[in-house]
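Let me give you the structure first, and then I'll get to my questions.
Letters A, B and C name the chains as they come in the text, with residue numbers starting at 1 for each one.
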Amino acid sequence: MLKITSLVKRYGAGDPVLKDLDLEVPGEEVVSVIGSSGAGKSTLLRCINRLVEPTSGKIFLNGTDFTSLGKRELRVGRRRIGMVFQSFNLVDRLTVMENVQSGRLGYISTWAALSRRYPKEDIRRAYELMERVGIAHYANKRADELSGGERQRVGVIRALMQQPEILLADEPTASLDPKTSEQIMTLLRDLARELKLPVIINIHNVNEAKEFSDRIVGMRYGRIIFDDLPDALTKDAMHEIYAGVPHEDRQMEGAAA
Amino acid sequence: MSTARDTWRKQPFIANPVLRYGLYAAIAVYIVTTFATLPIDWDRMVQGLSRAGRIFGGAFPPSFQRSELLIDGFMESLKIAILATVGGVLLSIPIAFMAARNIAPLSIYYFGRAVIIIARSFHPVIVAIIFVKAVGFGPFAGILTLIVYSIGFVAKLLAEKIEEIDPGPVEAMRAAGAPFLSTLVYAVFPQIMQRQIGLGIYQLDSNLRASAVVGIVGAGGIGATLANAFGRYDYDFALAITMVIVGAILISEAVSGAIRKRIA
Amino acid sequence: MEQVQLQDWARYTPAQRFQRYGYFALTALVVAWALGSVNIIWAWVWDAPTQMGDLFSRMVPPDPTHLDQILSALWETVNLATIATAMAVVLALPVAYIAAQNTTPNALTLWLGRFILVSSRSVNTIIWALLFVAIFGPGVVAGIVAIMFRSIGFLGKLLGEAIEEIDPKPVEALKACGASHFKVVLYAIVPQVMPTFFAVAILRWDINLRESTVLGLVGAGGIGVILQGAIDTFNWQEVSTVLLAIIALVVAGEVVSSYLRRKIL
């Protein structure tokens, strides 16, 4: 279970991007986070594995307080959080297998990493997962020879190789065509069920969010203003989430303060 | 087929194992035999450390006492570089035309190419030592050397540029019955002038660098001053000269970069 | 095209024209100054073509008596250049790493890296050779070290630029996996700079082959030693043999390096 309490993130000296935010993701739920650009969705995800340092607040993953981890502990902690990216973030010149195995880099020895002699169990698991998403026959291909959908499958498998306790996906389908996008969303949902894994997905496409998630969180200007089942996301609620522009929001904040 | 796969190896760059290990072995043998057969005087090398200590001890602080000599040497290098650039860039033009396939007849083309290849093959220091023997010590040998050096670079690039010029104007002129020389002046020159000026500025920078070096074998300029200082164990003066050379190179690189950016 | 044909009457505005004449006059002035004050004995200049012709006539035909020595010195030159390039490549890696803004540990190491690059690059191989001949005595060691010192700057600069231009996204992804710093370098940075690495190593090898032909003139080993000896003894026919051998070496080096480039990249 992921538990975030009074999370604040401020870049530089400006207004905070996340304002005293609380969120709980129990068990094996697929949660979609929606909101207009600049609402702070990516910042929220990146605070969880501390690719972005939170300014204040607490983040607990199954009892571990991530905000208090030291450098070395953080590295161990990050193994427990898988992340999938909008632009896949694969290493183009490495093979699919190497990209997949790079999810294990936190576990294996430097020599194994250097010589590409991965542990047998890791290779077996990689083949199983790749087979599951239909890319096993690409194991020896270079990542840049694959199509967008295939590349994102590699990205997902890389994250799953970590045997994470939670999966974070930052607009995983925004670079894909609608059909491929559906396939990747289906995959994420099904894998989450099979592996009993909670998933947080930042997403722009509200229809996909409704179709594939158990719960929807709506963000607006650094705050969560909607948190409910997909069916509860009415026209009015959507209007509330997407209507404002950051500039107006800022002025309203000023007036309120 | 799928369930039991638990081995994977990265496909090696050379697939054939015999070839691959053969190559590794060849590299290992090469390294070992080369180190074993290079004429290395280990005793002399071991002394190196104490000598290095003495040299650096003697070099600090750098001495600018004979700055007159230093300035004279530097100005001479500058003059060598300027004159060689002008001479080299001017001479490059006819040579480049000779070496351009679309302008020159085949026999002249081969001659032009040969000139360029020879000019490029020899390091300026070798050219310098030959010229020093032929025309005596001093800046004249330096100028001749750097003219050859400039031709190797400028004529080659210019010839490539001429080969890719727009053939339209050339043909138009030829069709109008213009003589060969005016075809060049009116149809070809305008297309290459810009490039030639840029190359000239770049070459001035290169020549200034090279002029510091050719002096070491007697072709004038600050290099000669440096070689003399080294020969007389004046390491503090040598350091001062080196610092001036490095400073001049950095400035010249910055200036030539800025000018080329502006005219590009 | 049109612009070319209309050039005679409308190419430049009067102001531009004036500016161009100004630059032209300035250039002429500088050249006149250089020509007027340079320390040249003009009688030698007029005599130069005769002298050159004379020298050339003494060079032909090339004398192959000591061809075996020349060839073995040529081989020594190749080895010198190759070994020095290989060692420089290895040493340039850490320098490039600390000279690249996105990988350097801190500001101090960044400036250290840049200092190494600038000092290595702005001192010519021959000047390095002068220094190392004074330290290690005449011989190939001075030559190898001189070439290394010059090459580290060249290789380090180009590699460092390649590191600065990598795509940072895979780096971030691997950090998020919990990979250690070294493994991130290994998996996300090394593959991205590999092509540049090979390209600049081959390029520098080619350059070093040329440079190592002259090291002998300051006593730092290789074919230059024989060239110097032949010149000192006025054995011009042997000089021309050595020069031909050098051309062959340089051309062969160019062929090999372009073959390697095609093969590896």
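Rule of thumb we're sticking to: a residue touches a chain if its C-beta (ideal position, glycine included) is under 8 Å from a C-beta of that chain, and two chains touch if they have at least 3 such contacts.
All of these numbers come straight from a predicted model, not from anything done at the bench.
Interchain contacts join each chain to each other chain, per the touch definition above. Put simply, the chain closest to the centre of the protein, by Cα centroids, is C. Farthest from chain C, judged by the mean position of CA atoms in each chain, is A.
Across the two interfaces under comparison, B-C and A-C, the one joined by more C-beta contacts turns out to be B-C.
The geometric centre of chain A is 53 Å away from that of chain B, both derived from CA atoms. Distance between chain centres (mean CA atoms), chain B to chain C: 7 Å.
With centres taken as mean Cα positions, chain C sits 49 Å from chain A. In chain A, the residues that reach two or more other chains under the touch definition are 98.
Chain B makes touch with chain A in their complex at residues 2, 4-11. Those residues of chain C whose C-beta lies close enough to touch chain A in the complex are 167, 169-170, 172-180, 182-184, 186-188, 191-192, 194-195. Within the complex formed with chain B, the chain C residues making contact are 1, 4-5, 7, 30-31, 34-35, 37-41, 44-45, 47-48, 51-52, 54-55, 76, 79-80, 82-83, 118-119, 122-124, 126-127, 130-131, 134-137, 139-141, 210-211, 213-214, 217-218, 221, 224, 227-228, 231, 239, 243, 246-247, 250-251.
Contact residues of chain A toward chain C in the complex are 49, 51, 75-79, 81-83, 85, 87, 89-94, 98, 102-106, 110, 113-114, 155, 158-159, 162. Of all the residues in chain A, the ones that touch chain B in their complex are 95, 97-98, 116-118, 120-121, 123-124, 126-127, 131, 136, 139-140.
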